[in-house]
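Take a look at the structures listed below.
Presented sequentially are two complexes of chain A, the first with chain B as partner and the second with chain C.
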Partner chain A sequence: MVASVTSLGRSGLYDWMVQRVSAVILAAYVLFLLGYFVATPDLTYADWSGLFANTCMKIFTIMALVSLSTHAWVGMWTISTDYLKNGVVRFLFQGFCGGVMFVYFVWGVQILWGL
Partner chain B sequence: MLVSIYRYNPETDQTPYMQDVQVDIPDGKDLMVLDVLGLMKEQDTSLAYRRSCREGVCGSDGLNMNGKNGLACITPLSAVVKNNKLVLRPLPGLPVIRDLVVDMSMFYKQYEKIKPFLINDKPAPAIERLQTPEDREKLDGLYECILCACCSTACPSFWWNPDKFVGPSGLLQAYRFLADSRDTATDQRLADLDDPFSVFRCRGIMNCVSVCPKGLNPTRAIGHIRNMLLQRAT
Partner chain C sequence: MGPKECEEAVNSNRPVNLDLSKFSFPLPAITSIIHRVTGLALFVGVAFVLWAFEMSLSGEEGFNAVKGVMQGFLAKLILWGIISALLYHLVAGVKHLFMDVGIGETLEGGKLGAKITLVVSIVLILLAGVWIW
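After this line comes the complex of A and B, so read on.
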């Protein structure tokens, strides 16, 4: 067994599942939003904040945010272990990606609750 | 015919280079690439390449011919030559020892890792371990691999992580033992493969399938392993 230093689940199968499940959630979320835009041609602020006031929508959005962060993390981790052969550069790149993902997630949650 | 061939002798050359050689092909004959190498070696005895059985069984003359990996002995010129030109390079991604000869240690190390032998913890029967014809059939398309390395050296995932990704050839063999009804170490074998590199670096590009001179399908075997891992986890 090859030791996995910083992959998400420390198991290739787990990462693989995470990628698939998060992809499905993201696809559903994007399709839902697209459908919403099509169904509501003249969108007002009231419509928009009403949509996100719904608890189901909040949960759906949080799920999409978590999916986005984990999907991006597993993907970027994989890319970095393929192409970045210098340990320090790889560590910095992974740290940067992890940081960005974390900030986006916290930021997203704040926006969601601030609405 | 013009042959552009990769040359490198670490004792005399600073860097590898491509050498253009004009080779006279006898009229009306569709020679194999290995025969062309033979003609070239008659002119220049310093040319180094591997070959043994010259009929696609031993797997020692894997080469990159006009950009595609294959066995020189069973690849006719008519199948690879374009515009009367043939470019010959060693298998990509492995260290070159000399000319077309590559160092296969990394490839063999991955093969060794998957324990390519039958493990059975039950006492050995008096004569032999029997298998039903149906169970035996499951090994078809797996056992025929000749370890020529054409597939693994055509696989980008193997190029980037040859020390961690088992590669198509090794995984085909891993599945050959996972699928064997006489092997009792299935769970241990799967546990050894369940990390982010050994199996899951496969991106399903299928270069391996398109080059295998034996017509085998490592990608399908990798899919079976993934399903077995999934079943084991649920």
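After this line comes the complex of A and C, so read on.
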């Protein structure tokens, strides 16, 4: 067994659970937005900004952003531990992915902040 | 392999690194690798989505600019690509949830699950293409 300090929860079972819970939240968010687009063919700026000004939608969006970060971490971690055999390369790749996820999260929150 | 490497290989309890290029992949293996590739693609695609999201909420002008950009063929193609990856990843993910609760865990079930994943996602991807154009 390989003991890993870079997995999200130091435990395969915990990562497995995080992956599923975040997946369900992301699926709900994506299906809601796709449904919204299909149901609103002539989308205006007023509709669109009104949707995201709603507190519920802000909470839902930030939930999706947190889920995206953790889901992507577990996913990219799995890929990197499977294919990148060199420890230094793997560590740098995981660090890069973690940085990108952090940027995505802060960027997403910042977009919602002023609405 | 020299004697030293040979000895290391025999004494190592780590799994053997198989040569994947010499394998014939069964369908469930192919659907699994596509799940990974689409996940990786989405990780990159999120940057485009956030860019469009930010611009669309920056004001009336930005919103119309995104609408304008999305009329272009290349933008539509990128959008279709991202939505296709998303739909496939979603369908393959739902299959995982079914397997987690014990549905389709047998060899036959795995093969059928892979077929269903492919068919359902291809139908959804085609529908998304029709919707975008």
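The criterion applied here is as follows: the second predicted complex is superposed on the first by the 112 of 115 C-alpha atoms of A that agree within 3 Å, B and C clash if a C-alpha of one lies under 4 Å from a C-alpha of the other, contacts with A are read in each partner's own complex, and residues count from 1 in each chain.
In this text, a residue touches a chain if its C-beta (ideal position, glycine included) is under 8 Å from a C-beta of that chain, and two chains touch if they have at least 3 such contacts.
Computed from a predicted structure; not experimentally measured.
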item: Which superposed partner A:Y45 touches (first chain B, second chain C, both, neither); value: second
item: Which of chain B and chain C A:G98 touches, first, second, both or neither; value: neither
item: Touched partner set for A:G108, first chain B, second chain C, both or neither; value: second
item: Superposition-derived comparison: chain B or chain C, residues of chain A touched; value: C
item: Intersection of chain A interface sets (partners chain B, chain C); value: none
item: Chain B contact footprint on chain A (complex, rising order); value: 1-4, 7, 10-13, 15-17, 78, 81-83
item: Touching residues (chain side chain B, partner chain A) in the complex; value: 157, 160-161, 164, 191-201, 226, 229-230, 233
item: Chain A contact footprint on chain C (complex, rising order); value: 36, 39-40, 43, 46-47, 50, 53-54, 56-57, 59-60, 63-64, 86, 90, 93-94, 96-97, 100, 131
item: Residues on chain A engaged by chain C in the complex (per definition of touch); value: 20, 23-24, 27, 30, 38, 45, 48-49, 52, 68, 72, 75-76, 79, 97, 100, 104, 107-108, 111, 115
